[in-house]
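Following this line, the structures themselves.
Each of the next two complexes has chain A plus one other chain: chain B in the first, chain C in the second.
Right after this comes the complex of A and B.
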């Protein structure tokens, strides 16, 4: 017990580890804020960099980068409508309208506090029920991931804005983009039109930067002469009453985040989508309508994506299996440092588990400190004249895209998507559903085929499995209820009942 | 009269010195190395633990970049298109030896110069701990009685599991449902949850799971039992005929452009030979469940040819229809 405690406080008491965690968190915020610079990339560069270091130092730096990076994506989402990372896409829905109202400072302040609450709750769940959660995550068969993806598709109604038809079109477009590349089963090129560069598919961050960054930059040319909104920067730290008011919601969305994060097949991006959807369904009287600057629409994704960090560590620390791309890299770091990540990790090197838990908590404290300082300067970004800001955004988009895989072809793709996105915006299409499609398309493709081949390619067996397995049955029921609740079927059913 | 002479002499000496530098002092700047698989994967782990030793020997920085996609086609294609000056290296796995067979690209490692074949992974056929099968023989027996019932985890055509399945089918019969995952990790996770029945995996990926008792090894792809997996029978016990394919396993190597100057090739070969032989790297590989090979020159070429011939013909004999070309058409000799 005392051992556990000393491992837990290791990062808090050792000045070097403390400093590295702080440094990592600060760096992470900036890495996360720039579209294209990802935490995965930063962590993998750190592996070579920290090769000769003590493992604890390397881990402390990576934990900091991870926590800071997931949060950092929200900064640019709120200020510029350009999410720094896929998990911040949803944050822009209500964050950017808030900035347009001159409340960027408050929005960033609230998202910081909420990120920290989400992050700490995620860490708490990791500490308290990692083995239990890991066992639960293993229960998810390919068909269950398929059902989750289908459930995700239904989010289209939340993300479409005014026109559902346009939303459905956008999801389909996104899903088709996600199908480009080598077929995972047969290794045959699919929709690549003979291009070798396309064999690897189109990275979804490329699509994201194009659709959100470049398209947004072009779109803002429409209001080039508009005087930037003066930002109110006096009330940055949200009052306690506000935090308490959103606490119940943030707890619910944190639970969504940690569970979705713990599933090895899904991460913070999907978690934030589900959380936003949950907020939109359950909050009856938001501070403003959703999509027009509701604080609830900021709270939900920001808690969920940071809670997902704790979740992603669950399979990594208990089973030696990555929960997402970042934990995959951290696992690699453990291997290189001579540890054997696997189910024995917690038994043979218990300090890694408790050290990580303590370190995650510490990184969240630093996140609170760094997140709440410097907001005034950041908020001024919105006040920068468009003629300066737009070229700067375009440069960042190109640099960010190139840095994903150091591939110039992806830069051209990104610019192409920027132009496409601009026209989509002009004709009233939302960008959210396209990203939804890009994220869910490959997941649907992969899991459907896995589920089908598991039952010997028999459609009947597949459908039967959806209702005979308890977990699948729950998911199928939820989908059925959502479908009934969202479509004209509901009105029809209600009218039938009323007639009787 | 004297002055111009002196000047020209100085210029001559200067340029000579510069020319001498260019030859003698490779590397004079950072070296770019491309990893053809993503961050956190086996190739990435091997590359990132070997590179610091190489940097020390060459006294330069080797900048590592992951360029994944298309089972490594994109990364390899990138390096082949760079200048042949020795400043662009490729860290690759076994996959390029099958590109032509599968119609993914028209090149293989024959089109590059091999600096070093670093090492080779060991392969285990693994099953969940509560599986009713205790050995590959049990599994084969069950599969013959119930063809097309067992669920095997795979990683797609040309991946390790499908190649192992091809080898088994080349000498015996194993009819299974092939459930494809995005990599070893997702496959192992599915197996831990009991969603698939068995999966051929690299020891590096599954060793810890077996050691912890969450999974068991049904057979190891070697002729003899190995130290790292006591009690797991060699595959030849259930399938003696498979011996002709052995030793076989996924491998990792370093490659440069074919037209790189010979002295640079030699410098790189020497540096890598020394780095791979490093004790610390050796410990890493052992811990990783892999075997150090450290081959270059003739031995490396022979290893690559042999690997290609064994794998291509096993795949051809097991399921010729799925291939884009026959090994014969590609001039790959029979093992």
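Right after this comes the complex of A and C.
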């Protein structure tokens, strides 16, 4: 028990970790707020610089960036009507009308406090649920891991794009990229197109930087000349009565945020949409009509997207399945540092888990401090023109990619993935499923082959095991239902059900 | 009863056809691993993934039947013109060209020199002149990159 506490408080008591968490949170707020920069982009680039660092230092910085970044997007959503991050899109619905009414300061203050409440509740759920889930996961067979990964990727495909087919294509594309290189078992080259250079595979950080950094930079070129309308900001700290008034809604939407965040591939953007919808349906007398400056419309998404952070860590730390694109990057960082995300993490390196929990809580405290101060400086920084930002993003992507293996070929690959990502984005494909595919592709391959070996390479036995083992049966049924839910059969079944 | 149709973007159909061709390419490449794979072989999963890509790209193409072209687009030639106008605007083409030239130049002109030139030229172009401030901002950016990555992060740069 005393060990657990010492790991929990490690980031609070070590000055270096404290500083890195503070720096990460502050940087995250700006990264999340500046349109054109994203938390995933920052974390992807950062992972390459922190290769040689101590794991705790690297994690402290990334956790800070993640927590700050998810919140930071709301600031520009309120002030400029430009959400800095996808999770803040919904915040702009009521945040910007509030700013137009001259209540920008109060809106920012309230969103900060509610984000912190959501973040802390999400962390609490992580601390409470992850050890039990990890214990359960120890009983999982490779077949179950395979099914969980399939389910996760299917959910990503379903929820994150404009069509299931596009989502599934993105996931399969990512998984194929993840398989490039030598086979782990037979050392046979796979999908290398005869290239010797590809025998070592394509580093997923190269793909991440290309898809999230370069692709975004190219995409932002369409808005190069867009000039935001500035708002005046006054008193920022919200009165206690206001916080207490919206606390019940905040707790409800925190729960929504944690649950949605824990589903692989969903993250804060979908959590905030669900929470906003919940607020609209349940709040009978909002402070103003929704969409015209309702504080409830601000509180719900802001609490949920920060609560989703803790939720996203649950499957990542207990099952080795990232909850969203940022936790996919953090999972990569853990692997690079020789750790084993999944149920064994809690047994082999419990200090990493408890350190992360303590660190998330600390980052939320820093979020409260930085969120309620420095607004004047902030308004200046976020006005940095895209004409300056876009070339700088490309330079950072080059530095980040080169620093992985000091290899210029990887830099060219990164640009190639950036251009591919741009076109995919233009035609409605999401980058998150591709990245999750890259990360989970090798895991799917490995667990599938282990599962096959365990039944003597018999396809029939494998299918039988899917329905005879209770957990496998549950997972197979859920997968079938998710797939069914995307077909016309769902509409037919719903109409039959309603008729009866 | 009126039916609502989703709009197809200029160039979307061509892109989706390219994805189908790409999926066929991946399938052929996966087939090369060990021919028709058994259920548990190095090629089984790549072939499976390629088939998933192929099937989903076919579904994407079939979904075009439920979509309609923007009524303002008159014919295929006009669609090509709109596509080029949207995605090949001069500043996008110039930035792409500068980015490729920058990456090519890093090898023979060193990282700092090529980065400075890339930033300076791009800033001047994007900001329609303002030469002096662009040169100063580029110099400051280089100084920050040096301090941050070479001194703090100790990253080896090309």
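Operating definition for what follows: the second predicted complex is superposed on the first by the 269 of 500 C-alpha atoms of A that agree within 3 Å, B and C clash if a C-alpha of one lies under 4 Å from a C-alpha of the other, contacts with A are read in each partner's own complex, and residues count from 1 in each chain.
As a convention for this text, a residue touches a chain if its C-beta (ideal position, glycine included) is under 8 Å from a C-beta of that chain, and two chains touch if they have at least 3 such contacts.
All of these numbers come straight from a predicted model, not from anything done at the bench.
In the superposed model, A:310 lies in contact with neither chain B nor chain C. Within the superposed three-chain model, A:68 lies out of touch with both chain B and chain C [touch as defined at top]. Once the two complexes are laid over each other on the shared chain, residue contacts for A:221 go to chain C alone; chain B is not touched.
Legend: residue contacts after superposition of the two complexes on their common chain; A:322 is shown touching chain B, with no touch to chain C. Applying the stated contact rule after C-alpha superposition, one finds that A:406 touches each of chain B and chain C. Touch criterion met: A:331 reaches chain B, while chain C stays clear of it.
By the touch criterion defined above, A:28 lies against neither chain B nor chain C after alignment on the C-alpha atoms of chain A.
Judged by the touch definition given at the top, the superposed model places A:52 against both chain B and chain C.
In the superposition on chain A, contact of A:141 is made with chain B only, not with chain C.
The interface of chain A with chain B overlaps its interface with chain C at residues 52, 183, 185-186, 188-189, 406, 449, 453, 457. Looking at the complex, you find that chain B touches chain A at residues 39-41, 44-45, 48-49, 51-52, 64-71, 73-74, 77-78, 102-105, 148-149, 151, 156-159, 177-182, 185-186, 188-190, 192-193, 195-196, 207-209, 211-212, 214, 283-284, 287-288, 322. In the complex of the two chains, the chain A residues touching chain C come out as 49, 52, 163, 165-166, 168-169, 172-173, 175-176, 179, 183, 185-186, 188-191, 193, 218, 221-222, 224, 385, 387-388, 390-392, 394-395, 398-399, 402-403, 406, 408, 411-412, 415, 419, 423, 426-427, 441, 444-445, 448-449, 452-453, 457-459, 462. Contacts from chain C toward chain A in the complex involve residues 9, 11-12, 15-16, 19, 26, 29-30, 33-34, 38-40, 42-46, 49-50, 52-53, 56-57, 59-60, 63, 87, 89, 91-92, 95-96, 99-100, 102-103, 106-107, 115, 118-119, 122-123, 126-127, 137, 141, 145, 149, 153-158. On the side of chain A, the complex with chain B involves touching residues 40-41, 43-44, 47-48, 51-52, 138-142, 181-189, 196-197, 199-201, 264-265, 315, 319-322, 325, 328-332, 335-336, 338, 340-345, 347, 405-407, 446, 449-450, 453-457.
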